[in-house]
Amino acid sequence: MKYGARNQIHATVTSVKTGDVMSLVKFDVDTPHSMASVLTSESLDELGLKPGDKVALVVKAIHVLPVKE
Amino acid sequence: MKYGARNQIHATVTSVKTGDVMSLVKFDVDTPHSMASVLTSESLDELGLKPGDKVALVVKAIHVLPVKE
Amino acid sequence: MKYGARNQIHATVTSVKTGDVMSLVKFDVDTPHSMASVLTSESLDELGLKPGDKVALVVKAIHVLPVKE
Amino acid sequence: MKYGARNQIHATVTSVKTGDVMSLVKFDVDTPHSMASVLTSESLDELGLKPGDKVALVVKAIHVLPVKE
Amino acid sequence: MKYGARNQIHATVTSVKTGDVMSLVKFDVDTPHSMASVLTSESLDELGLKPGDKVALVVKAIHVLPVKE
Amino acid sequence: MKYGARNQIHATVTSVKTGDVMSLVKFDVDTPHSMASVLTSESLDELGLKPGDKVALVVKAIHVLPVKE
């Protein structure tokens, strides 16, 4: 099974909140992992990112797809 | 500074690949952290997620927003 | 009327579930159509996709924009 | 294998265009299938969707995740 | 023509940069307009937003769909 | 503070609607600003956009990230 996505993080469910149409699930991630971001080369240039820089990676919860294998 | 997003992961840049319009940046995440996913209650029901379950969290790189503080 | 999006699928509403803030609508698609995906060249390389390969195309419902013409 | 997404469409690769950072893949979908959209209840109210209505479903290619099983 | 999206902003093209697979287009927006955001109720609670508060609305360019009428 | 996103719009909260899991916030944008869109070069070619063209920019509310500074 292979996904066309750079980020595949192994996680454990910690809580589930079920709503009328949408639900919110939370997870713990205990193991070191890598992440990838695609952004415009213009934005990259403004950020001036280079190896070793510390950043925050912000991801809206709606963009996180849980897969149960 | 507060973001309207559930996922804010501290990371270190490991590589940068600059393209003509879009660029790809990679990161290491060394510290345990939590994640959150919003999905339809129908999808949640089909997955049958409950605390303790192991999942993969798949996120396209385009949905990851780097922020330099 | 032209959209800056590769995927424009003709569909018929089959059900509507109205929630407090978000709602879920379902559709039938009866006619053959094409789809397009943009992914990183790295992900493409890992998937090794070539013409004739069978795949599943996964799309979160939140990314589907209904337009009534 | 279960995904936390409402839309899972079976498709066949028809073409691949590899770029420097991002790539574009096209697919044929020959079998009838269903689709789902999540939108705000306000947008739903403005569209006035009900069973039997014809719509176009617009999806940017970047939101389509290919999975090879 | 009605879209299932809360944000529909009238804009004028100012520049176009064509890449191998992806392109970047820029626009001017001269008229006052409204915007809408959907976020988790948890994130809203953390932000503590109330009428009159000043915020920045951050949107990745990939999530902006141009439509030519 | 720098974001890896092309669109950063200054706005004022006008209303808040809190739901069970997701909430909807509305804003006024009173000052002229620029916007950017990334789309496939194919879609750009079909739209035929050039400086001076008038378009509508459609953005689902879920893709708008409020940040309080």
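Letters A, B, C, D, E and F mark the chains as written, and numbering starts fresh at 1 in each.
Here is the rule we use: contacts are C-beta pairs under 8 Å (C-beta built on N, C-alpha and C of every residue); 3 or more make two chains touch, one makes a residue touch a chain.
Please read these numbers as outputs of a predicted model, since none were measured by experiment.
Trainee: Which neighbours does chain B have in common with chain C?
Mentor: Where chain B and chain C share a partner, that partner set is A, D, E, F.
Trainee: Using the contact definition stated above, find the chains touching both chain E and chain F.
Mentor: Shared contacts of chain E and chain F: A, B, C, D.
Trainee: Among D-E, A-B or B-C, which chain pair copies the contacts of E-F, with over half of them the same by residue number?
Mentor: A-B
Trainee: For chain A and chain E, let me know how many angstrom lie between their CA-based centres, rounded off.
Mentor: About 21 Å separates the centre of chain A from that of chain E.
Trainee: Could you pull out the residues of chain A that touch at least 2 other chains?
Mentor: 2-6, 19-24, 36-40, 42, 44, 47, 58, 60-63, 65-69
Trainee: Considering only which chains touch which, how would you classify the arrangement: line, ring, star, complete or other?
Mentor: Per interface graph, the chains form a complete graph.
Trainee: Mind listing the chain F positions that touch chain B in their complex?
Mentor: 1-5, 21-22, 38, 65-69
Trainee: What part of chain E is in contact with chain A in the complex they form?
Mentor: The touching residues are 24, 39-40, 42, 60-61.
Trainee: Would you mind writing out the residues of chain F in touch with chain C in their complex?
Mentor: Checking each residue of chain F against chain C gives 17, 19-20, 22-24, 37, 39-40, 42-44, 46-47, 58, 60, 62.
Trainee: Provide the residue numbers of chain E that touch chain F in the complex, in ascending order.
Mentor: 3-16, 18-30, 32-41, 44, 47-69
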